[in-house]
Every structure is written in structure tokens, then in C-alpha cells.
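Here the structure comes first, spelled out in C-alpha cells, and everything after it is commentary.
The first chain written gets the first letter, and so on, giving A, B and C; residue counts start at 1 in each chain.
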Amino acid sequence: MNFPIAELTGALVGSYAQHGGINRLEGANLPSKGAVEEITRDLLRLLFPGFFEDRVVESSELKADTAILIDSLAGRLEDQIYKAVRCFECSETSKRDPRRAAHELTTEFLRSLPGVRALLSTDIEAAFTGDPAAQSREEIIVAYPGIEAVAVHRMAHELYRRDVPLVPRIMAEWAHSRSGMDIHPGAQIGSHFFVDHCTGAVIGETCVIGHHVKLYQGVGLVARSLAAGQALRGQKRHPTLEDHVTIYANATIVGGDTIIGTGSTIGANVFLMHSIPAQSLVLLDDVRVRVMNKRERAEGVVDFQI
Amino acid sequence: MNFPIAELTGALVGSYAQHGGINRLEGANLPSKGAVEEITRDLLRLLFPGFFEDRVVESSELKADTAILIDSLAGRLEDQIYKAVRCFECSETSKRDPRRAAHELTTEFLRSLPGVRALLSTDIEAAFTGDPAAQSREEIIVAYPGIEAVAVHRMAHELYRRDVPLVPRIMAEWAHSRSGMDIHPGAQIGSHFFVDHCTGAVIGETCVIGHHVKLYQGVGLVARSLAAGQALRGQKRHPTLEDHVTIYANATIVGGDTIIGTGSTIGANVFLMHSIPAQSLVLLDDVRVRVMNKRERAEGVVDFQI
Amino acid sequence: MNFPIAELTGALVGSYAQHGGINRLEGANLPSKGAVEEITRDLLRLLFPGFFEDRVVESSELKADTAILIDSLAGRLEDQIYKAVRCFECSETSKRDPRRAAHELTTEFLRSLPGVRALLSTDIEAAFTGDPAAQSREEIIVAYPGIEAVAVHRMAHELYRRDVPLVPRIMAEWAHSRSGMDIHPGAQIGSHFFVDHCTGAVIGETCVIGHHVKLYQGVGLVARSLAAGQALRGQKRHPTLEDHVTIYANATIVGGDTIIGTGSTIGANVFLMHSIPAQSLVLLDDVRVRVMNKRERAEGVVDFQI
């Protein structure tokens, strides 16, 4: 049995014309999702040499290997940055020559990698000293979801703060899909940062996070009053965490004016929309939990389950 | 040193015979998970032409390219639907000739794609206007987790409502693994739907969701009283959200009779098991959060942590 | 335009020397993440024959096919275990000859697989009887995130309890990335275990979980007082759940002394740091939720949103 290919094609092509906003044809040539993801994987190999290769990396070859990888990466990254700059800036701001800008941005980004590595070594230290389940620093690099996600974030942030469009967001979303943690490339994050378990954690674009901050799965650092939508673009909408703050699982902190003072701890499932002073402990009130025997339970909850 | 292959094989093959429920041998020929995932990727290329290719799509070639992709997809999809219908219906209901049914279902499904695109263009619009972090509609397609997941859902739902077994569930689970959001193919979802951050959101099989609904990460629209298990199959077990409802992070709404009225907003971490009228605002009571200075904190919480 | 490759290489290689803790060069030869993931995929094919292949598995060939797969797996797994034992034990404990230990551990592990299958058949049964959305046991294997994650856990736990370093953690993290559920290989889990939706669930290293336990997305079984960090290694830090316990979405249970008694049910979003007796029902108090009309809402919440 044959399919009515001509009819089906006509209907879809008609839909491309009608709902043009959701496709992207000639001339556009956006950065390629696939290419950016491949570049991100190679950047991780550059940050952690010898960790993801099957073969052993010899010290004697390290310099030559590194040069080859940088050379291969630089051209591909420049290409994607060029596409992004050309697509999103020419018409509006027109300030930068896309080809020249892409070259300079790529060079500056690659220059920032040793600094990224220095920060990541503090993150690994924080994970190791903070988690009794960790048996070695190597385990943290190879088998903890957070380090990959934070490594990708620290690189994406270097592109974001140089106003590279789209590319850092594609990098971040690749990491999000793998770790379950959604860190916007705009977030500013200090040293010794550790997120345990990661899944469901959300860190918004205008967050400012100090040093020695520890988060758990499901923590949201999010914006208030999203009804205003696009009108809020560029404003500080997400919380500030000062140094040595710990936030337990599934707590949600809201708003750009909200400051969590140094050394504070927020308990699990707390929902907080205002600042708290340094050295605070914030907990859900115990009274809120009712423990009852199933046989004596009140009518109102009889149909709950079991 | 050799392994005792014969002994190990004997033990495992014996286990296949004993716990037969968990393997699937000759005659069965279930839909292939790998093949369905490949088809889903190609369907996304059909919905968003030019977005996931590395090469540029030229307008002049768009029609021919689309026809080729549809032709390739149609046969493969029919094959998987055929396997699903044959495996799960022959013995029980026997109402449909599997081969004929698979052909008709595939054709009808492909005819539904322009409608799916029309809905998706409203979803992209909702994401763009609702999120100040979005810099372009292209960013939403390429770098937001939600659009891919909702696109896959809208397609899987077209198969689900035509009673195609298993295939829509494999599609949905592929999207779940990538976005962290679990939408059952049965859920009915209106236009302008946006889930921000996605991870941990769960939308159950019998949910009915109106237009202009916005959800955040970790929101659960789930069933009550699951103890009854299989006895509840087919019943409405999950909530109804009317138009213009917003539900913040990690809130859980339970039950098939629960209706969230038009224009209502549910705050983060709320747990709700009953209906609320239109234009409601539902929040956790502020009293529930205790802020205390760490040095003054009560005995009972001393051992909580730093 | 050329990139300053020599300068960029020099800076990065200098950083490798300075922050040595985060790279891994010659001599180390850690287990390969990629190789362990490939082995894990093949182990799943061994547990569920015929489910992930595109071709049909014939009964007549089952024994030969199984022997070939075991033979191929055994050598590769031994190799990875050898690397792990050599890297992490020689210097410290030195109790085992790495090559001999790797061979014996691999053999013992493969001998444990029929027992793993027996347990998994109870997990599939629990998922099927507990979830009205499940239409067949096949759907649970092919399209539920939990079964893959629990299958990987049950195998990783067999390696963990034989003191294989790193390899079980890489397996677990692969499953975490795919399901969104983070189960530490150390957790002891009884039969008939079912986690619905999975995303965001966290089960810590020293958890002890009885039979017929059902969890939902976002449930955390976590440690108290993590400030003590590495000092706590080896201690019981995570909760015990007795038989027939059900825990709803996003509830967090904390601490190694915390025991949830047989037959108890914990509601969504509960945060619990102490034990509860058998047959308890634990719910958030209804009082905590305020429902108000948006037009009448108090000043304090005016700026919340819409």
C-alpha cells in the first residue's frame, strides 16, 4: 500500500509557509546544535586530560596532544560563534564585524580555560570534602553529575559574559539534559561550588552565588513575577547567595532582591521570597507535619490512598 | 584465566525459562525501542526543518527534501505500528487487521502533523513572551528543553488517541530521558503551553489542560489512591487545569476530580487535593517557615547541620 | 586568521601541572567511562534478551547467543575491574592481587545475574499491578524509566558489596543521567520495588529499603549533618524503610537513625527527620495552604505574580 506522499508533503510545506516563525531556512544558518555539542565534549577533554580517553595519555605527548586538540577546536568554535553573531546581531546592533568578532571571542575564550580549570579544582575539592560517599577525587570527575555540569557552565559563562548569542545556551542545555540541572550561562558562581545529586536544580540567569556554596537536588533559584515576561529582560530577577550558604533539597528561593546572608542554611522544601540575615537557619515548622495512625485517621484523608 | 562460560550460560538460560515474564522471544517481535527513537528524531526534523541539520535548507529544495523524508518515515513508522498492533491486540480484541490498521494509522498520523505544527507555534510564542531570559524564538527551539518534549508529546498524543499501543509510550519515554519531564501520551493539552526548566515535571495520563497554562520544574499532576492499581485503568485519575493557570515549582496537584479554575496561580511546593475556584491564589502559609539565628537555635534542631 | 596555538597550549599545560588534582595522566589508566557504559548496555541485553535487539531472538539460538555475549562481556568487565582495583587499592590496602581479584570478582558477578533477574521480575510485577497506566508488562520493560535504573542498580550493588571501586559508580551515574534517578550502588533494596516517574529521586549510599516499597518522583532518602563530610564515611547516614512503605512526590526523609515503620505512607512534600511507627500516615497539615481570591489578596503577596 502506498502513502499519499504528494498530499502529505503539500500540507506540511503549506504549514511551513503559514507558521514561519518556527522554522529556519536559507540564509539563516544558525549555529548547529550537533556541532556545538561535539565542541563541548572536546572542551571537557581539554579540561580533564586523560579522563575520558580509552588510551593512556603520556606526559611526553601531552603538549603535542593538547596543541592538536586546541587547533581542531578553535576553528570549529569560531565557526559556530560566527554564525551566532551574524544571525542575531547584524540586523539589530551591527556593532561587531561577525568574522573578526568570532575570531577574537574564540581566542579570548580559549585564554580563559586555565582560569576555568583553577576554579574547577576548587569545586572538586568541595565535593570531596563535603560528601562522605566520595571515595576519591577521580570518582568525582568520572562519576558525579555535577562536575560535568559545572565545568560546562563555567565555560558557557565565559562566552555569555562576552555577549556570544545562543552558543552558550546550547552548551548549557546539553549539560542540563545529561545532569538534570539547569544552570543559565548568565549565573555568576564563586569558587568551591558543589551541587549534590543535581537533578531538578535550577539556577537562573541573574543569580549571584558566592564561594563555598552547597546546593542539593531540586533547589530552585528563580524569578518572581514572571507575568511581566520580556519587559524584565536584563533586570536582576534571581537571588543572591553570599558565601558559605547551604540549601537543602527542593527549596525554592525567589526574586532578584532576595539575599541569603553569609553562612546561612535553608532546610528542604522551604519556599522563601525575602532576604535573611547572615548565620540564619530557615526551616519548615515541625507543626506542619501530622503523623497519625492509619486506623485512627480523620475522615478527610480517608480517600488519600492505601 | 578462562571464565566458566558453560556454567554461567546454563544458569542464565535457566533463569530465562523460570522468570519468563521478563523476556520476549520469537514470535513476539515487539516494536524496537531504537527504531522508534530514530523515527522520533526524524519527525522532529520534519516539524522544524532546517533547525537540526548542519547544512542549510534551501527553499527551492524544501518540497523535494520534505517528500523524501516523509517517504522514508512513513514505511518505518508503519512497520513499528504494525508490530505494536499485532502484539497487543490480536489475542484480545482482534478488531483490526494489523497490517491494514498500521497503514491507515500511519497515514492519519502524518496528516495530523500540520495541526501539530500550528499548536507548537503557539507554544513557542508562549515561551518567548513568558521568559525574559529568552533572546529569540530560535533560542527556544534549539536550546529550551520544553519545546522538544512538548513537540514529541503532541505527536505521541496523536498516536495515543488512535489507540496505537506502546509506540507513543516509547516516544514519550525518549523525550522524558532527554528533558526530565514525564508527559504521558494520554494527556490532553491546549494551546500556548509552556513548562519552564522542565526537570521533574510529571503530567499524568488523564490530565486535561486548557490554553495558556504555564508550569515550572517539578510540578506533578498526579493520581490519588494508587493502591487500587489496575482496577482504575481507564478512569479519570489526574487533575484538570482550566485556561490561564500558572503552577510554580514542585507543587503537586492530585486527583481526577480536582479542577483548578481559570486564571488561578498555585505557589511553589503546594500540595493540593481538592478543586479551587477561578482566579484563586494558593500559597503555603508564611507561618510555616521559621527563621532563627544559628547561635540561638532550639535544641531540637541542633543536629541538623552546620 | 591564525590562533596563538603555542601560547594557548603553554597556558593549559601549565595549568595541568599546577592543578594536578584534576587530571589523570600516565600510569593511572582509570576505568574508562565509555567502556563501562558499553558493558552496562550489554548487561541489560543479557538481563532482558530480545527486548532491545531489532532482530527476533529464536529459542533455538538463545543458548549460543547468550554464551557469546557472556564471553564478550566477561573479558571487558574484568579489564575495567582490574584497572579500578589496581588504581585504588595497591597503594592503600594492597590486600588483593589486582589481576586475580578482577577475574574472581567478574566471575562472581556473572554468577549473581540469575538472582538479579529473579528480583527484577518482582519489580516488574510491582510496577504493573501498581500503575493503572501500564497496559502490559512489556511496556514496563521498554518504556518505563524505572526498570532500567533499578536493573542497573541491582547489578552495580553486586559489584559494590564485593568492594569493586569506581566501576559501580560509573554504572549508576550512567543510569542517573538517563532516568533522572540517583541510586547509590551501596543502597540495599528489597523485592517488588517501584519508583514511578523517577526524575529527581535520590537514594543514598547507606539506605536500607524493605520489600514492596513504592516511591514517587523527587523523593529524597538523604543524609543529615553533611557538614561532617569525610569523617562520616562508612557510617549509616541514610534512612531505613521497612516493608510496604509508600512515599509520595518530593518528600525528603533524612538521617541514618530514621526508620519508617512497616505499612506507612508519607504524603507529598513532607520533610521528616525522625522515625515513625508502623502503619503511620504522615501528611502536611492542610492549614498550611492559603487559598484566596486574587482580588482580595493581602498586600504582602501582591508582588508575587499575575
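Just so it is clear, a contact is a pair of C-beta atoms (placed from the backbone, for glycine too) under 8 Å apart; a residue touches a chain by one contact, two chains touch by 3 or more.
The structure presented is a predicted model; accordingly, all values stated were derived computationally and were not measured.
Here the chain-to-chain distance from chain B to chain C, counted in touching steps, is 1. For the copy pair chain A and chain B, the superposing rotation over Cα atoms measures out at 120 degrees to the nearest 5.
Comparing the contact residues of chain A and chain C by number shows a mostly separate set, under half of all numbers used being common to the two copies. Averaging C-alpha coordinates per chain places the centre of chain A 22 Å away from that of chain C. Shared interface positions of chain A, defined as residues touching 2 or more other chains, are 180, 199-200, 218, 226, 250, 267, 269, 284, 287-288, 304-306. Contact residues of chain B toward chain A in the complex are 46-54, 56-59, 62-63, 66-67, 70-71, 74-75, 103, 106-107, 110-111, 113-114, 117-118, 120-121, 124-125, 128-139, 141-145, 178-180, 196-200, 214, 216-218, 224-227, 248-250, 267-269, 273, 284, 287-295, 297, 300-301, 304-306. Those residues of chain C lying in contact with chain A across their complex are 1, 3-6, 8-9, 11-16, 18-19, 21-35, 87-88, 165-166, 169-170, 172-173, 176-177, 180-182, 184, 186, 199-200, 202, 204-205, 218, 220, 222-223, 226, 228-235, 237, 246, 250, 252, 254, 263-265, 267, 269-272, 276-277, 279-288, 303-306.
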